[in-house]
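Consider the two complexes below, in which chain A is the common component and chain B and chain C are the respective partners.
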Partner chain A sequence: MTERRRRYIRMYALVWFVLAVAGDIGLALGPTPPFQASDLASSQSTVIKILAVIAWPVFSAVVATIAFTLFGNRVAPHEGDIDPGKLRGDSRPQIAWISASIVIVLSLAVYGTVALASDQPGAGISTTSASLRQPASPSDPLEVQVIAQQWWFTYRYPTYGGVETPQLVIPVGQKIQFHVTSLDVVHSFWFYALGVKADAVPLNDNVFTVTPTQTGTYRVQCSELCGLWHGNMNADDAMVVSSSDFAAWIQQQQAMDAPILKYLPAYSHTYEPNPPAYGT
Partner chain B sequence: MGLRASIAAVSIVIAGVVVGFFVTQYMGHTPPTVTVSTSANTVEGRPVVDVTFTTVAAVGSGLHPNWVAYLNSDGNPSTYFHVPAGSVVRITIDQQDGASGLRNPYFGLVRGTVGNEMTVNHKVMTSINPDDAAHTFTIPDLGVSVPLLGVADNAPAGAQNVVQFEFIAPPQGTYRWQCFVPCAAGTLYGNGGPMQTLGYMAGEMTVS
Partner chain C sequence: MAAVAVATRGTAPPSLSRRLHEWGLALAVVGAAIGFFVGYALGSLAIGDGDNSLGSNAGILLGYSLSAVGFLAGMGFFNYPIARLLGRPVPTADDEAYLHGEGGGLARYFRLTTDHKVIGMQYVVAILAFLFVGGLGAMFIRTELLTPTPTTATAESYLTLVGLHSTLMIFMASAAIIGPFGNYFVPIMIGARNMAFPRLEALTFWLLPPAGLILLSTVFLGGFTTGWTGYAPLADQNVLGMDSYLIAFSLIGLSIMLSGLNMIVTVITLRAPGMRFTRLPIFVWGVFLTSFLGLLAAPALLGAIAMETFDRTYLATLFVPAGGGSPYLWENLFWFFGHPEVYIFILPAFGLIMEMLPVFTRRPLWGYRVAIGGLVGVTVLSFMVWQHHLFVSGLAPALRPFYMFSTEAISVPTGLIYLVALGSLWRARTRFSTPMLFIGAFLFNFLIGGFTGVFLSDVPSDFTLHGGYFVQAHFHYTIMGAEVFALMAGLVYYLPKMTGRTMDTRLTRFQFWAVFLSFNGTFLSLLSVGILGMPRRVISYAQYLQPLNVSATVFAYLLGGSMLLFLGILIWNVVIRPVPAKENPWESLGVEWHLPTPTPVYNFDTVPTKWSLPYEYDTGRVAADVGHPAPALGGATP
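Here is the complex of A and B:
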């Protein structure tokens, strides 16, 4: 190994190390979306952080290699031909990068799978029947139905007489069970701050359980192209509030809904359209 | 320059002119707006502006004569109007269409208007039977939603329900509004055509 080559490798290692460490410190200490507004959001943040911290040194190595190949390895015309050394048949670097890649990819796959599996208690298509009921105990989740339609989300609270509102308000620290459905085309209910994104499919009941941990005013948005106003199918007034504020709010909504309550359909996890009434 | 190169160059120029023409046409096109008249009255110091629509089952002329639409006072489909911020917007709708019913009965409720009420033929109402709704006038971002009572199927031609309500114009901005009754006859579940086209069953309110 020539002195030039040794110097080159030392320089490369130094640049890679500085880049990797500086980036990892930033990633580890900095905030990671979707932040901390619910149990789901924090666990998603943690997963993203761990994946990013492991991926960053690999990315740094790729960037450093490209940069060194392009600029560091240049041979000026007056230097003549220089033997670049043999890589073919040199099994040591090959074994090193192949095993490092296998270890990183497999361990991340295991970690990611475990995190995904443990993250979504009760998510998926519901098999339970719908009823207007009081939760048996305070630890039971509060059921909130998300009804998507072109182009507004409305919400029903079966625990409170099936009251319906165009604003989402939920109590902090309480386990919330979202039941997401649609009345027309496929929409998607995206409550970014809580780490919730659930497809709203007509005649399907999509369940998502989450516990909000921070009060605040958040944005909900449709994330499935659904027609003319899809881009405006969002609301900045979704709120996570204290349980006493929630009690006051829901009472206010019940009073506001009084004129329409008798016309609302019985609470159900899906709502059948009545085709003869439409498009005729 | 060879023949082929000249043909290619001329084609590119022609395509550019055509594209440019359509872009300038599109940019320069302003849809018909609804006339807004300022009333002499004020309510609690706020100016009152009047906006008037007619809703019909079929426009009868233009590009889509069979489509259902909100019409302005000239009888053209139009859903764009401008109001000053902070004013009392008084909307009057001569509702001449029959009922086709709401997909989500919740929108049978009047909400977000002054007093959460409307008048239908001068009678105060806070909700209607969702099955009797012909259309709604809904501005989602303001929480304003008013169902429009359909006229009876056997009503004589020209029969109408006059629906009137007021709301306070929000701060400056553009606010979308739309109908929530799947009223587009002949389209899948009534949600196509005029329901997906600005100027018919969806529009914009500009507040300045």
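Here is the complex of A and C:
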């Protein structure tokens, strides 16, 4: 190993190390993605941050190599006297690279699976029959049906006699179970602040469980192209409120809906309006 | 002797079939028109009254299908099969040479020819046309997104723009590398005098113009609102514009499939003696493996489209839950095609980049076998990852860890390709020529594309990032930032061979920095917009996202301008004021550079039999001895 080569490698290692450490410190201390209004959202934004911290050193190593080659060692086009350098690939860096990438991939997959399992036990269980149950105890999650159609969302609270509202209001600190479905085409229910995204597919019940941790007024929107007014299928009035405020609000809704609700069973676990006649 | 042959050919009056062949393009337009009206009339007859009820699209469907058939008939694609069916004498060598474009001059670029080099040039023009028409759509989209509420477009025209931009760009990307450079150089690189199925090769190209025009004609039929993914049951709901998308996309699917078949057979059967699989240039490997993807994935798309037309015309309700169908069927079939499709975009680009790297690092490709391993790994794994597009769709959660793992696992073979690139670059005394700039940018942009992919493969982070601008920026990094940059690198690199003309170095270098910086400005803005919660394909967005959207739009205008500059330099230096290129300006050892320019009609007078990898820059050995005196290597030229 010549002195020149050793110097080159030392310089490269130094540049990479500074880049990697500075970048990682910046990523770790810098802003977290601003959706943290639920247990799930906090964990997702942490996952994004951790992935960025893992990815950055690898990213900067590759960029440093490209930059070093292009700017550090270049010759003018057509300059003669080519130093062939090291000509044939030797197997050590290949084995090291392959093992390192396999280790990174395996750990990412394990980390992702663990994060998934702890966030969403049984998330997204899809059944064509409704899976809503009568709540057995107060600690059971509050079920909210999200009914998507072109081009708005309706929310139905089956535990409160099937009250339907155009506005989503949920209590803070309580486990919420969204049951997302659609009446016409495929939509996607996106509650950005809570980290909730679930496709709404007709005759399908897409379940997503989340516990809001911060009160506030948030935006919900459709994130799957669903036709002409997809861009306007959003609302800025979704609210996470205290349990007492929620109790008051839901009582008010029940009172408003009472003339209809008295014809419905006390607890209804299905929602089957007539599907719109096809082709008319 | 040769002079006599030319003289007799000149004096003999051209036969009727050759006259018709010369007017092929005009006949094709007439044929398309006739086909459309016949099909439309038949379809309308079958339906009866022309009301708006179910099945009223039969006229349009048949019209489009028969217009494509009429177009191909006018071009002359059915002459050969029909003559065989009728037992006419097989074409003579003279006929074949005529069809091959021998002595045809410039006019042969506008006809059906079986010369893979002419078809490569035709692809260059078609790809650039798709790219710039699609890019115009992007400019309109970005203009609309300057403001959070609709200003310049209506909801309808906006979604049609989104659909046209995305679908045209998918058409472009399906063939951006494999079309121009695959068709032109693969036969030369393997020592073949032509493709295995030359007529089929011409067909794969001539399917593109009808596909593009049929897709664009959607604006007369009310457009379509589904974007390029064509999700059912929204597609069932759409007006007649949807049928343009379905027919156009199936023509492209057919083209991808047939081109794959042709390339596979060519590489397997037409390699020159001595050209073993272990001596194939890495670009040929890229094209070869991509061809398997095209051949195996495109049928899923064709099937899904056939089912969708049944849904729309016969109320088959295959994708409509109310009728017992399932939207998941479309989603799975579509992405079973759609995910290999994105590797159809990028694998030939990987091959092209690795093919060019040794020319500028002046060293052998580091780890040729590792590169093949990487390409094979990506090819195999790409069929096992499609459900990562459906993580939030409500599929059984037990499936998620598998698709998360397989998606993350595909970064291992992709990493091998980076290992080869970095190994080739490591401590190399790189020549800083213009294509090398684009190669560096390709590696940088695809790196961002790959690393953003990790965030999307991880299910918990995908819950938020899915279906938003993060995804949009991610795949623009891989398609625009990588594939289109590889296309530009390839054009700068190969135009001297393909046309004998070269693009102005200083202008192209300026253009490179403009396109590189504006591209990253645009899509870094859009990555951020995605993390902040902006869904894709919306005409309205939350107020707080406006600053970043304005930044993306301003950079997008610069990006559009610098792409136009590229086209301007290309047209100016190649067509209007030709700048003659040196033979082998990059001092490559590839066999394609050691043939005369322009490349002889059948490439090789005698097919060389001694082959080596074209990367032996340590010994300076040319890939094959073709008997053409080439400029000496190593600084002999200024």
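Quick note on the criterion: the second predicted complex is superposed on the first by the 224 of 280 C-alpha atoms of A that agree within 3 Å, B and C clash if a C-alpha of one lies under 4 Å from a C-alpha of the other, contacts with A are read in each partner's own complex, and residues count from 1 in each chain.
Please note the rule applied: contacts are C-beta pairs under 8 Å (C-beta built on N, C-alpha and C of every residue); 3 or more make two chains touch, one makes a residue touch a chain.
Being a predicted model, the structure only gives us computed values, none of them experimental.
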Touched partner set for A:177, first chain B, second chain C, both or neither: neither
When both partners are placed on the shared chain, which of chain B and chain C touches more of chain A: C
Contacts of A:257 with chain B and chain C, given as first, second, both or neither: first
Partner chain in contact with A:235 - chain B first, chain C second, else both or neither: first
Touching partner for A:185 - first (chain B), second (chain C), both, neither: both
Chain B versus chain C as contact partner of A:38, first or second or both or neither: neither
First, second, both or neither for A:147, with chain B first and chain C second: first
First, second, both or neither for A:166, with chain B first and chain C second: first
First (chain B), second (chain C), both or neither touched by A:227: both
Common interface residues of chain A - those touching chain B in one complex and chain C in the other: 184-185, 227-229, 232, 275, 278-279
Touching residues on chain A, where the partner in the complex is chain C: 5, 8, 33-35, 40-41, 43-45, 47-48, 51-52, 55, 58-59, 62-63, 65-66, 69-70, 73-89, 93-94, 97-98, 101-102, 105, 108-109, 111-113, 115-116, 119-120, 122-126, 180, 184-186, 188, 190, 192, 195-199, 201-206, 219, 221-232, 234, 236, 275-276, 278-279
Residue ranges of chain B touching chain A (in the complex, touch as defined): 100-101, 103-106, 108-111, 116, 126-127, 129-131, 138, 140-141, 143, 145, 176, 178, 180, 182, 184-192, 195-198, 202
Residue numbers on chain A that touch chain B, as the complex places them: 147, 149-152, 154, 164, 166-167, 183-185, 227-229, 232, 235, 256-257, 259-260, 263-265, 271, 273-275, 277-280
Residues of chain C defined as touching chain A within the complex: 53-54, 150, 155-156, 158-159, 225-227, 229, 231, 233-234, 236-237, 315, 317, 320-323, 327-328, 331, 361-364, 366-368, 370, 390, 392-397, 400-401, 404-405, 408-409, 411-412, 415-416, 418-419, 422-423, 425-433, 436-437, 440, 443-444, 447, 451, 454-455, 457-461, 463-468, 531-533, 535-542, 587, 617-618, 634-635, 637-638
